[in-house]
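Labels run A, B, C, D, E, F, G and H following the written order; every chain starts at residue 1.
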Amino acid sequence: MQKLSRRTRVLTIAATAAVLGAGTFGAVSATAGTPDAATKAAVTKAAVTADAGNKNLTQSTHLTVAAATKAAQATLDAAKKENQRVSVAVVDRNGNTIVELRGDGAGPQSPESAVKKAYTAVSWNAPTSELTKRLEQAPTLKDIPGTLFLAGGAPVTAKGAPVAGIGVAGAPSGDLDEKFAKAGVAALNR
Amino acid sequence: MQKLSRRTRVLTIAATAAVLGAGTFGAVSATAGTPDAATKAAVTKAAVTADAGNKNLTQSTHLTVAAATKAAQATLDAAKKENQRVSVAVVDRNGNTIVELRGDGAGPQSPESAVKKAYTAVSWNAPTSELTKRLEQAPTLKDIPGTLFLAGGAPVTAKGAPVAGIGVAGAPSGDLDEKFAKAGVAALNR
Amino acid sequence: MQKLSRRTRVLTIAATAAVLGAGTFGAVSATAGTPDAATKAAVTKAAVTADAGNKNLTQSTHLTVAAATKAAQATLDAAKKENQRVSVAVVDRNGNTIVELRGDGAGPQSPESAVKKAYTAVSWNAPTSELTKRLEQAPTLKDIPGTLFLAGGAPVTAKGAPVAGIGVAGAPSGDLDEKFAKAGVAALNR
Amino acid sequence: MQKLSRRTRVLTIAATAAVLGAGTFGAVSATAGTPDAATKAAVTKAAVTADAGNKNLTQSTHLTVAAATKAAQATLDAAKKENQRVSVAVVDRNGNTIVELRGDGAGPQSPESAVKKAYTAVSWNAPTSELTKRLEQAPTLKDIPGTLFLAGGAPVTAKGAPVAGIGVAGAPSGDLDEKFAKAGVAALNR
Amino acid sequence: MQKLSRRTRVLTIAATAAVLGAGTFGAVSATAGTPDAATKAAVTKAAVTADAGNKNLTQSTHLTVAAATKAAQATLDAAKKENQRVSVAVVDRNGNTIVELRGDGAGPQSPESAVKKAYTAVSWNAPTSELTKRLEQAPTLKDIPGTLFLAGGAPVTAKGAPVAGIGVAGAPSGDLDEKFAKAGVAALNR
Amino acid sequence: MQKLSRRTRVLTIAATAAVLGAGTFGAVSATAGTPDAATKAAVTKAAVTADAGNKNLTQSTHLTVAAATKAAQATLDAAKKENQRVSVAVVDRNGNTIVELRGDGAGPQSPESAVKKAYTAVSWNAPTSELTKRLEQAPTLKDIPGTLFLAGGAPVTAKGAPVAGIGVAGAPSGDLDEKFAKAGVAALNR
Amino acid sequence: MQKLSRRTRVLTIAATAAVLGAGTFGAVSATAGTPDAATKAAVTKAAVTADAGNKNLTQSTHLTVAAATKAAQATLDAAKKENQRVSVAVVDRNGNTIVELRGDGAGPQSPESAVKKAYTAVSWNAPTSELTKRLEQAPTLKDIPGTLFLAGGAPVTAKGAPVAGIGVAGAPSGDLDEKFAKAGVAALNR
Amino acid sequence: MQKLSRRTRVLTIAATAAVLGAGTFGAVSATAGTPDAATKAAVTKAAVTADAGNKNLTQSTHLTVAAATKAAQATLDAAKKENQRVSVAVVDRNGNTIVELRGDGAGPQSPESAVKKAYTAVSWNAPTSELTKRLEQAPTLKDIPGTLFLAGGAPVTAKGAPVAGIGVAGAPSGDLDEKFAKAGVAALNR
């Protein structure tokens, strides 16, 4: 048990530095001082804590399907306001798709792209627009199965650790896709 | 064009016999006199009509993503009332998944099962509990890719023709799953 | 070369017994005296002959894409006459799909089913309605990848050997599907 | 209902600007003043309109299988005139393959390449030769599943919105492939 | 929040009836009075509880990788004592594989079989030997993707709810495989 | 190390009872007194022995590619003598395909069937005709990925333990396929 | 029929220019004056000729399995002479694998790489070392499914048209792999 | 037999030059004089030796599952010391996964990435950080199925030949991943 408690302590300390506020959801800010370092550090945390009652158990944190659906619908609403046709997906930290909505008239490539962007954002706890920049240093990152390094994905965090990713595809640019994804994240705080 | 108009005429006549009411959604009734014959007949219709303006075009009818999401959420609500943990999917007549929701705590097998039940229901325009009975006559029907012949799927029709399927999985029995799926269909009429 | 010539001779003799007429296409007759034995024998032949000019080469016979498209369209026409919505596929003796047509309003399961029925028919050189009966003796035949043991597939032969399969799916019964597939085969003789 | 009508109105206005003529099919012109902007704008439209009769329904526009086959055959004819051996595919706006023809003697890679080019053209409503240029800005676009960013695909539009893509593969260059694909599009206006 | 608390309360009550003892791991007993009903009831519970701090979050319970590895090694040890060569897998409630060990000299089919048995056991919270009996009532259960209805899988529960499955394959009989799987479960209580 | 040596000793004793002769290859005899028990026992052995020099290592035994090719060619020769067109595969104990030959004019389903029969034979160290009988007791055995429970596969053993499987497909009956597979096994003793 | 004969005539003329000699097998020479143009031209030919007897039929030319095996074994022998451990595959013009040999001790990635190199060589009728150069002009060629643009594949031609590809993988460089592949091609002329 | 003995002799000589010491495990040193040449040479060796007793047999060397698990656990321990959450896999020289451990809280992309890195390291007998450099010369190496050219994989050798690969993924950089992988290799010498 000692090892586990030590890890838990370290996690708490790290969280104090990076956390966005208790109970706050948000995409990792793209305006932070040293975003790359910050998101990298954040990756080392994860929403898993040791179960006090049983040394064999650990807990992972997920969005409820109700919350994930609310976020996905807010994403579609944001796109509709700009007359864009997109699909949206919410993927949890284990890589499982929680919600997938194929938008009316969205391109056929959009649902799977949305899933992969969400998967990528939650895997590295950063917006996919940020992650795409990392390909300059490590171009083969994009060969990792399940990923898509294209703007349009945003992480959802709880106490600074990633609990889900929201991915959007179908708008004319990835930046627009990502704007809608972040609108979905923001809806979780309402 | 003559051939197409003839087909349209035949369709209209058939629709008169089987239609559930203009603008009405519903699972194909399981209490009809000769349900098997009825559902088989219904399969020969489909929500495709010739485009008056251009002989090369045809239209297909879909649920909007908003309607499909409303139905899926009603499905989850119905399950929650009975303390069941399920996943739900809505698949259109082209076989594409419009909505997929992985319910909180639902078994890992449930999302893909839900998709396949929805796919099966919309393919044959009948509840999967009915379709499973057809395996007595044609046991290899279940080998058709993408299908799952297990209770829990219900078709959504427009003017008697299938436009979507709702599939549910995760409850202790397929009959329960299908009850929730039909609650989703019913929500479309509210 | 001696071995090859011997095989060629045997083939010619077998062909004399089973051939349906030079240049004639047709589904293997379901009314022949001992159809099962006949179709089994036919399987041992195949449209491959040694290239006279080079001992390393062999030839295989295929429908032209023009012929295969003609057959597929005749299939759809036959279905349309009976107000059925189906998909159709033509698969060659090597297992490659030559033509695939997704019929207007046909169920989403129909294109892949059609391919698999065509594949099955050309693999065993018999209508899939016949092949399905063999499952009584060997039920695991249906576990062979790529196959679907469901009525709706018909072989196309040249000099008694299989050169293609036509598969149809989407009608309310496999017998109807197969009727349309045979209409496609028949069109090759026009 | 209000939201939907508003969207419909916007669509109509946009269509007025970009439409190629009522009932006209065509590849998006590569000679237009600012093609890239134009095709991007076109993507925001899609052949989906709200069903007047039922607020839960929407319609999507497809080529009939007869029209798609006619286009595919015209494609093969154009290739044959130049002694090229190609395969051709027609994919609808939902991403489903409507027609696939494997040309006589075409390379084994050609059928699947044709499907992917068609899929890519209809997804972004632009010829794949144009789309390939976008990789300079967003190189990971090509990692989207189902796509192939290689010349040879052309979109089919109805009232400016994409309803299908025609993809061709097998000629010595992608430009030749695309020339044949456009011949297929052109055949729809005859 | 009210709905969620109600669900939590129901869960607690059900847990009181079925729980095997706080902090106790175990395969669902095959000797219980009415095992089938019991395991079915257990399925309606799951190791997910609402996060007190944030209404959008829920927690899921997992074995630590250390615990899962300990169980898997105990499984292999049990097999080795009986001179059996097997593979073992531990799958969590979300369907993700936590541990997979390919035993020395185990058959090539054993690793994937082990994963599927573990997946099946955790999906329905019952040993796969029990689940196989359900095929008499619902033979198409076995067509659900990811499952294998063959003895050799055992669930791991926490407070009566499934948190993992252990699957074993490679011994001459499924009963032997399952004996080793249960030895793995038992090791979690040491 | 003690545990490993004990296992090795047990293996040697078991081998004394079942071995077909040092350096002898053969399909497990179908005429042995209690073949089912015998083959089941054989499964518990495997061609893996501890490396004397290093406790972390173990060895596995394989056919050389030269030997496997010789066996496969003997298989095709045996089929040709009876005017049968088949494909053949040799799979090693790890499940990897060593040799795959697609026979001239063999049906398109034959190569993959041959691989799966070979895989099945080496997994359980018995001819697939024997294994198919086990489905009466355990019908879901056939759902194990990679397998095909259809006559036509024969194991290759070294000192009684399975080192490879030879699978054949394409003849009118599985018994014929298996006859040719055994001719391939026999060629290894020449 | 006229169109077909015209095509045949054109083919014959083209063949006169490029053919390597009647009945001669060979990799397309890498030392020819303008190899790129030559290989591109060669692609427009293919080993398909109209069947004189029936307008619906066409023939394709294949290596016999005996010839393909001979070539593959010669490939392995050439590698063994240089102490290299490789795998080899022979793929026909339809894309089907005829022979696959996994060399003793060859890397696990080698069998599938060999198949893909063979597939690539026969698809474009050129050595893969040449084809890799084309990526400078069209980098997305390598995204075509089934291909691998890496040295090690060589085409087999009959009368200048591609009938098969031989692919090799596992040596320290692609050039070595391709040297062995060409040794396999050369063995066909012995 | 003569050929085989010659090959064995050559191997022995080569081993004398490159071997790291009998019974020693280790990642190929990155500090050796000419590492690239050295690792390339090492690839030509492999842990396969002719079976003295039977000319048809060859042996391959594997880590026992106990050793592989020990290495994997040491890997996770090394990561935990640095508060990193990773997954780890051990793949044998045949490409089969022996051990896969999904670390607590590791990203969802990590298990499959770990498998692919391990696969890549054992295929070319070099750390993946070294192999990634080879992409400068041969960028399409990374298109070989099953591979991932990203730092984090390390080979395990026996007498200089590769017997396994250890792959790690999930840390913020590939260099960290590879450091942990090498800690796993080092544990095999304890």
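Everything that follows uses one rule, which is that contacts are C-beta pairs under 8 Å (C-beta built on N, C-alpha and C of every residue); 3 or more make two chains touch, one makes a residue touch a chain.
According to UniProt, the chain labels map to these proteins: A, B, C, D, E, F, G, H = Heme-binding protein.
Please read these numbers as outputs of a predicted model, since none were measured by experiment.
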item	value
Chain pair among A-H, E-F or F-G whose interface repeats that of A-B, sharing over half of the contact pairs by residue number	F-G
Whole-Å gap separating subunit C (Heme-binding protein) and subunit G (Heme-binding protein), where each centre is the average of the chain's CA atoms	29
Where subunit B (Heme-binding protein) and subunit C (Heme-binding protein) are represented by their mean Cα positions, the distance between them in whole Å	33
Residues of subunit H (Heme-binding protein) touching at least two other chains	48, 58, 60, 62, 64, 94-96, 104, 108
Every chain pair meeting the contact rule	A-B, A-D, A-E, A-H, B-C, B-D, B-E, C-D, C-F, C-G, D-G, E-F, E-H, F-G, F-H, G-H
Subunit B (Heme-binding protein) residues touching subunit A (Heme-binding protein) - in the complex, by the definition given at the top	62, 64-65, 69, 73, 76, 96-104, 108, 111
Contacting residues of subunit D (Heme-binding protein) [partner subunit B (Heme-binding protein), same complex]	4, 22-23, 25, 48, 50-51, 53-64, 66-67, 92, 94-96, 158, 163, 188
Sites on subunit B (Heme-binding protein) touched by subunit C (Heme-binding protein) in the complex	3, 7, 10-11, 14, 40-41, 43-44, 46-48, 58, 60, 91, 93-96, 119-120, 122-124, 138, 140-141, 143-147
Contact footprint of subunit A (Heme-binding protein) on subunit H (Heme-binding protein) as seen in their complex	80, 83-85, 104-109, 112-113, 116, 132, 135, 142, 148-150, 169, 171-174
